[in-house]
Each structure stands twice: as C-alpha cells, then as structure tokens.
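Below you'll find the structures, each written out as structure tokens.
Shared chain: chain A. Partners: chain B in the first complex, chain C in the second.
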Partner chain A sequence: MSAIDLSDPATIAVLTDALIAAGVDGLEITKAGGHLRIVVSKGEGARVSLIGNAQPDFSAPLVAIVKAPMAGRFCASHPSAPAEAEHLPRAVSDKDVIGFLRIGFVLLPIPAGRSGLLTRRLTEPDALVGFGDPLCEIEPLQ
Partner chain B sequence: MAEPLDNTASAKQRFDTVLIANRGEIAARIQRACRELGLKTVAICSEADKHAPYGKAADGLICIGPSNAAKSYLNQDAILLAARLTGAGAIHPGYGFLSESAAFSKAVENAGLVFIGPEASSIATMGDKISAKRAMIAAGVPCVPGPDTSLPGVAAAVERIAQEIGYPVIIKAAGGGGGRGMRVVPEADALHEAIALTREEARQAFGSPELYMEKFLEHPRHIEIQVLCDAHGNAAWLGHRDCSMQRRHQKVVEEAPAPGIAPDVIHSVGLACVKACRQIGYRGVGTFEFLYENGAFYFIEMNTRLQVEHPVTEMTSGIDIVHAQIRAAQGEPLDLRQDDVRCDGHSFECRINAEDPDNFLPSAGLITDLALPQEPGIRVDTHIHAGYRVSPYYDSLIAKLIVHAPTRAEAIAKMRAALAATRVDGISTNLPLLRALFEDEAFARGDMDIHYLEQWLRQRRTA
Partner chain C sequence: MIEIIETGPFNTVQDLGRPGYRDIGVSASGAMDPLAVRIGNILVGNDDGAAAIEVQTFPFKLRFEARAVFAVTGADGHPMLDARELLPWCTHFAEAGQILELRQPLTRARAYVVLGGGLDVPVLMGSRSTALRGGFGGNGGRPLINGDRIEIGTHSDGLPLPASGIAVVEPAVALDDVFPAPIDGVLPIRAIAGGEHELFASDGEAFWNQTWRISSRSDRTGYRLSGEPIKPTATIEMRSHGVVPGVIQVPPGGEPIIQMSDANTAGGYPKIAGIIECDLWRLGQARIGSRLRFIRSTHAEARAVEQAAARYIEDVRQTSQMIKRALKAMA
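Right, the complex of A and B next:
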C-alpha cells in the first residue's frame, strides 16, 4: 500500500470532503513524520491543523468539489432565473443554491455547502449525473 | 405441457432497454445476454464500482449511491429513479440484493416497468417457508416431515409435534433463508430453549417471530431442480444440480447432473416442480432446493431468481437460461417442450472467491495480473481484469470457472487443468483450496453430503 502524503493539499481536500459527506466532525492521523488534524466546523468549512516535519503547500488554493447527492439531470440555475445567475466566478455562502438536479418535474436544489468563490462548473447543463459526480468547484475567498 | 392460458396482464410486455440492478460477474453475464438479444443495457453502480468494466461496456451507466450496499444496490428508490432517468423499460435484479424482494418486484411493476422475474405474489408465497411448504404439498412435491403450519405458542403442543416428527428436529424461521435462523434440536430437553433463541433471532433478523419445525436430516445432499416458466402457463424443468459442497451454507462447487440419482426418481420430482409452478402462476426462472437422503427428496425452499450456479445447467441442457428469462419477461411463450430438454455430459462450476484459502477472510485489493483458461468446454464468468480493484464492500465472488465434458470423470480432469491454468495475482483467492478439493478421492467418487466440505477442511487443518 502506498504511503499517504498528509501534507498534500489534494489529499487533505479529499479527506475533508469524505468527512463532510459522512457527517463526521473530525479526523486525526498520526504518523512518524507528522500529525494531521481536520476539524469540520458547521458553516465555516473545515479547519485544518498539521503538526510535524511536513507542512502543506497552501499556496495552491484548496478547491472544494460539490458533488451530486443523487442521480438526476443537472441544471446550473432555476429555469425562471435570469441568465446572469449563471455568471462565474461569483462568491457564494454555504447555504446558497448553486444548481439543481431535475428528476421528472422535480427540481432538487444543490447547496454550496461552504462559503467561497464558485469558479467552475464540471458538468454540462442537462447532463445526466449520478451520485457523487462532480458538479462545481468552490475556491476559498482570498 | 399445459394448454397456454394467455390470460395474464403481463403476457405481452416489450422493452428495448434493461437496467441491470446488480454488480460483479452477474451484471456482466446479464449484459452479455441482453446484447445477444439486441437489447440495450443500463448499468448501475455504487461509488466503489464506478470503474467496473461492465459499466463502461453498458449503453448507459449511472451511480446510484455510496459504497454501502444498503444505500445503493439495496436502495429501491434509487434504482427506480435510475430506470426513470435512463428510460429503461425493464429491470433485471440478478441474484442477491433485491432479487427476491416481493416489494421491489411490485414497485417495479407499479412504476410501469417490467420486473425480469416472477410476480410479487409468487415471491411472497415462496419467500415465506410455511406458505411455500403448503404450496408444495398441494402440488405433490415431497417435503421434509413436519407440519405446514407455524409452531403454536403452547409448550405442550410443541412437544407433541416434536414427538410425532421424531428427534432430531430442526427449528426454522418462517421468513429465514441462506442458512440463517435455524437451530437443530437433538433431544427433548433442548427443545424449549432452542425455540426461544430461534424465535428471538427470527424476530430480529427477519422481522417476524414465526417458526416452524421439521425432521432434521443428518447426512443429506443438496439437490436443485431448475425450472423455466412463461407468462402463458407453460413450464419445464431443465435438469438437476448437486450443490452439496458447502462451507457455512455457502456453495463452493456445483455440478450438473447430480451424480448417482436414478433418472426415473428425479423425473417425477421435476414434474411435481413444474406442476407447482403452474399452480402458483410462476413466471421466469426459479430453483427448487431439496435435501436428498436415502433415495428420497425433501423440499426445503424455492429461490425465485437466477441462481449463481445456473451455468452448469446451461452447459448440460444447451439452454441459455438468462435469454429464456428475459424472453419470458417480454411475454414470449416458452419455445421448448419438456420432451425437448436433454442433459448431455457433465458440468462443474467452481466459485473463485477473493479470500484467504486458510482462514477465509476476505481479500480486497488490486489484481496485478490475471490468467484465465480459454479452451473448448471451459467457460469463465467474471468481471475482473488485471488492474481491477476488488472492493471490500461486497460478496467475495470474483469469478466462476465452469467446465463441461462427456462424463463426470472427464469433467473433473478438465476442471483440474482449468484450475491449474487460472492465476489471480495481487490478492488471495480460494484457488489452492479448489485445486486440492478436485484431487480428493471421495469427491471424485461423488461420495459426499452437505457436511463433507466442512469435515474435509477440519481434517486438513489437523493433518
């Protein structure tokens, strides 16, 4: 089994997403080279602390991926919303709706889940998506 | 065969896209059958199976939930939603998961889709062991001695039933199956404690405390009869299998036909199974499971779905059971008569499991390299390939190795060669165990019962 680099921002982002998805409040991993602690605080996104030799390179932004909570057809905005609602990038709060899943006549709102800058959509409008498919990217606000 | 009834609402249902509500080798097997019949397929997957090869080969693929089966492959609503989103006209449940759920069959039909399997009422009848036994007795299928009613609550009445059957007896949960929810009672002193324990187990595991009692057979073989029925009242039995090689009620090796059983004896049992299917209005494929001891058959349960071991019957009968199952669901009349069914040669199936061959712990991980035999008379049903990652979330079955030869001895020799040519690197498998089993003399003689494999394993451990 390959060793996990706990200082890798991508690894930290994946672990953070997994914690949020599973409804777990936090995680601590201790290895010979260091100690990683991720605490998920409600509404504020994740707080990461890392102790040890290896330090994460946070110069690259920690991008969060918003994933589909179930299967459906992706809509970037509500059908009645003005076109500018789809404009990117734009700042969002954790409760903002950043898209919908259309299932028959039902539109399921997709919340951002964290505050930040909605930078990119990863799914074409009206594409069929499954559970866990990436929909959008949110970067932290500088 | 009976005269066609052609009076069911589902007799003429057509579809061109099948959603396969399963995973692993059986998803790949069903996909192949659909292709051969000119049908499109939609694969569903959990997050753990997103990269499975049958997903890439399907006309549509949709992830329905996380790796936990309860939230994906057992999530009826997610599966129906996937069918709706992809425009599938039918759902094939495969085996395991929701394949024997009467509620799922009904929900599929209520959604205006075709369930490739029996109607909910048939599944419900056969899923309850007491009502199944009652239906079998009515059709003249031989059953294990014991009443076809649930056990009364009065202690004296229960004692009387046990005395009439004769010890040892076995207490079983009416809603149980798969070897769970049962307890053997060797003598009268242990009766009431066994009932109390099994009743509580049944209540917790199956949601019903209902129990029944039967004679416990000490050295039976496990024999199955495969049936095939259409929606017009036509039915046939396709042959018999011996699935006695079991460990903890899980089959390891299966063969067809069952060795050493007189054709006239099995013939009458097969016809009784067909009669039972007609009586309960059964549609699709199904398997009657029997215990066989001292030349007599005793019905234990019916599996209202495709079996893992269906390939050995396909090899000896020449009938593609999955094709037939799909055609029946499309409302086509059965295109064979009982007299057309033949049993040619002998077939074995080995279940290759990703598990430690000594302690049977599951072995998940990356398959780094793979060699599978490819010769006439050898078939491998699998979804794995070099680079495939075996998930820890599901059943450990990764492949089925099936052989066919003119005689049982030749089939054993062919299986030995096939097992020798099979290699799965990167994870542990039960291949060493299977190779050793096919060198066993008693197994080669066909001299085994359902306890043989467990005894053989114990002897190997102590040797």
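Right, the complex of A and C next:
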C-alpha cells in the first residue's frame, strides 16, 4: 500500500470532495509525520489545517507528484520508440505524456497533468508499480 | 460526421473484407493491414470489423464535425490533431471542428483512421469495404475525395475511455519473436510452394534465393515484383482457376505478381507459391520500391504464427476492457 502524502493539495482535495459527497462533517488523520484536519462547514466549503512535519514548506517550489493511476509496469518512454537517454529536467505541458503503464500489451499513457518542469523520475524503468505510487516530480516553471 | 479536407488518390473505406463471393467474381477487398484495423477497433471499443479509412496517399486531412473518439494505427509516424502531435496506436478524443492530419509515414505504407462507432456506410454483401473494381461498397464505391462527408456510427461501448487514452504495443514490436524484422532492409516474407512450383525447376530456387523489389506497378489488387525473371521449363496452357490474396503467380515475363486484398478472383498464370496469411499485413505495409525475400515456410509454422497473432489480439481485447473497468471503478 502506498503512503499518503498529507501535504499533497491533490490528496486534500480528493479527501474533501469525498467528505462532502458522503455528507461527513470532518476528518482527522494523524501520522508520525504530521496531523491533517479537514472540517466541512455547510455553505462555507471546508477548512483545512495541517500540523507537524507534513506541513508543506512554502518557501520551496511546490513540487507535484505524478502518481500511478493503477498497477502496471512503468515505461518512461514508448516501447516502440528508439531507446534514447532522457535529459532532465525538461519542460512539459499538462497534456504531455511523461510515461506509460504497461499491462500486457496495453499501454496506459500517463499525462503530466500540469505544466512545469519534469525534474526527477521516482520509479525505475520497467518497475512494477501499484495504484498511487509516485512516478515523477514536476516543479512549476520559474 | 467527418469531412475529408485533403486526400490523395486511392484512400478508401475498408473493413475486414467481403469473403465468400469469389464464385460470382467479387473480390474480398478489405484492409491491406487487417491487424491494424482489428487493434484500432478494439482500442476505441468497436466490433472488430467496423469500417475505417485506409490512407495510402499522404498528406490526408479530415475535420470532425462532432466530438469523437479515434485511433490511428498501421503506419509509423505521429498523426496531428490541430497541429499537435499524437501517439499512434492510441485512442484520442477530438472536438467538433478539430482537424486530424496524417503525414507521409517514415517507413510503412498505410495508416488506418479508426473512429468510435465506425464509419456508417452501407453494408453490402456483408461488408462496408470499398470494392474499387466493382464500384460499390465503402463511400459510393470509389476512393475518397475532398469534401466527402461520412457519418460515424453509434459508439456503443459502455466503458468510458481514459481521457489520456489507451494504447498498445504495436504488433511489429509485441510480436517480434514471430514476425522477423527486415534484414539489411529486406523484408522476410514466408511462403509455401504452390501448385506449379515444380514447373520452374532451377528457376524455382532462384525465386527463393533472390531479393525482389516491389515495382511501381503495384496496387491493392496485386504487387508486381522486379528482379531476375524466372521461367517455367515448358510453356503450358492452364485453365483459369480461383486465386486468393497471397497467391504468387508468374506471368510469361517471369516477374511474379502477389495477389493482394483486391485480388482477382480467378487467373491462369502458374502459381509458384502462396504467402502465409499472417504475413500479408506486413506486405500491406511494404512500400513501393522496398525489397523482400521469400522464406520457405510450412503449414505448421503458418498455424503457429496465426495462433500467436490471435493471442495478441485477445490479450489486447481482454486487457483494454479490464483497464477501462478498473479506471471506471476508481473514478
């Protein structure tokens, strides 16, 4: 099972949406690294508080993690493409495909999902990954 | 609905063909690379035999008049949607007004534009394929021309496609253990000796041992090969007999003709060999001017290759559905 990054805005947004959809007033998650509290107020949206080491460092660039949408073998490039060394960092746009999950002969393209700078791969080529596993980091363009 | 914006000659609507009517002089037609059509249809969620556009002259452009899902399979190179490069062998969504452009492939001959729902042209004798010689089927029985507008059928796949698409490892890569790659640019094509092979005596060996070139006098009906002519030891008068795609005939000039998708239904030239059916898509992707060599094959090998291709198709079908179901459940 993958560890949940409590400081990930996307994770917080998903949890908040899930709470609202389920009609639940709030949620607290405590981990060694920090404490996340989401309180849903009727008509006012949600209040989010983060305490502890999980608190994002707002002085550092906000790094987005692209995660695996399901299980499969990670391919950084298309299996039909000639093998070339990848040069990082490189600029990507939200629709750019930054890798594939290979399941049998089927490939699931992984879009960057946001524009920015692809700085680091977090998964080795051909590694077996599970749902939610981090694949790469994208930093905002300066 | 789609509108053809720019097309060269001989681009047609094709599906998996119209077998079963040779006895009344109707050739089977169908895609020159049926594997590409099958895989494209599986990807977009169609039945295997839905009709697609076979593009063999480039550039080719079409405009979508409504939102549609599509895939471009077969040829190498990247299709363009509103000037943005797309992955081949992958599903994509197009919005109304967007223009799909296919440029000249790097090495292969034919691209297939497969649309979710298929091309909604009439089914004639069990197929939507264009029969150019008979002037029926497809889009009015003729090649596409600029300004043609073709309806897209109803897309009935209940499982949504992921927004980023779903793709495949293309057959030439996925099945590289059963489809040997060209050697020094020469495409190996497997064939089995035909009924009149013995007539050619030592020239029969020359047929197997030399490199042939696909001549410019080649089309969907047949590929004429250029090389050192081969001649039978004696001139014989033969009655016309039935021929099918893959049959290699030798006319009096000695340069073989390979019958392709729009094969004649009958012919009287001696048959020196027959190409195994599973290698025909590779010939369909071979360009005029490219070189090939015939490799002696067996029925057992042909069957093994056929089974490997069938396993690949079934894997793509099952896995793509499984992925769509999984992503739908997690959405």
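The rule we apply is simple: the second predicted complex is superposed on the first by the 80 of 142 C-alpha atoms of A that agree within 3 Å, B and C clash if a C-alpha of one lies under 4 Å from a C-alpha of the other, contacts with A are read in each partner's own complex, and residues count from 1 in each chain.
Just so it is clear, a residue touches a chain if its C-beta (ideal position, glycine included) is under 8 Å from a C-beta of that chain, and two chains touch if they have at least 3 such contacts.
Worth saying up front: this structure is predicted, and the values here are computed from it rather than measured.
*Asks:* Label the relationship between chain B and chain C on chain A in the superposed model as either fit or clash.
*Replies:* With chain A as the common anchor, chain B and chain C both fit in the superposed model.
*Asks:* Residues of chain A touched: more by chain B or chain C?
*Replies:* More residues of chain A are touched by C.
*Asks:* Quick one: is A:L108 in contact with chain B, with chain C, with both, or with neither? Answer first, second, both or neither.
*Replies:* After superposition on chain A, A:L108 lies in contact with chain C alone.
*Asks:* Let me test your reading of the model: by the given contact rule, A:P79 touches which partner, first (chain B), second (chain C), both or neither?
*Replies:* So A:P79 only meets chain C here.
*Asks:* Quick one: is A:M70 in contact with chain B, with chain C, with both, or with neither? Answer first, second, both or neither.
*Replies:* both
*Asks:* Classify the contacts of A:V97 with the two partner chains as first (chain B alone), second (chain C alone), both, or neither.
*Replies:* Once the two structures are laid over each other on A, A:V97 reaches chain C alone.
*Asks:* Identify the partner contact of A:D133: answer first if only chain B is touched, second if only chain C is, both if each is, neither if none is.
*Replies:* Only chain B; A:D133 stays clear of chain C.
*Asks:* If you take every C-alpha pair with one atom in chain B and one in chain C, what is the shortest distance in Å after superposing?
*Replies:* Superposition on chain A places chain B and chain C at a least C-alpha distance of 5 Å.
*Asks:* Let me check the overlay on chain A: which residues of chain A are in contact with chain B and also with chain C?
*Replies:* Overlap of chain B and chain C footprints on chain A: residues 70, 103-104, 131.
*Asks:* Show which residues of chain B lie in contact with chain A when the two form their complex.
*Replies:* 45, 47, 50, 60-66, 72, 78, 81-82, 84-86
*Asks:* Looking at the complex, which residues from chain A come into contact with chain C?
*Replies:* Interface residues on the chain A side: 69-70, 78-80, 95, 97, 100, 102-111, 131.
*Asks:* For a test of understanding, state which residues of chain A touch chain B in their complex under the given definition.
*Replies:* Listed in rising order, the residues of chain A that touch chain B are 21, 70-73, 103-104, 128, 130-133.
*Asks:* Going by the contact rule set out above, which residues of chain C touch chain A in the complex?
*Replies:* Residues of chain C touching chain A: 84, 87, 89-90, 162-170, 172-174, 312, 315-316, 319-320, 322-323, 326-327, 330.
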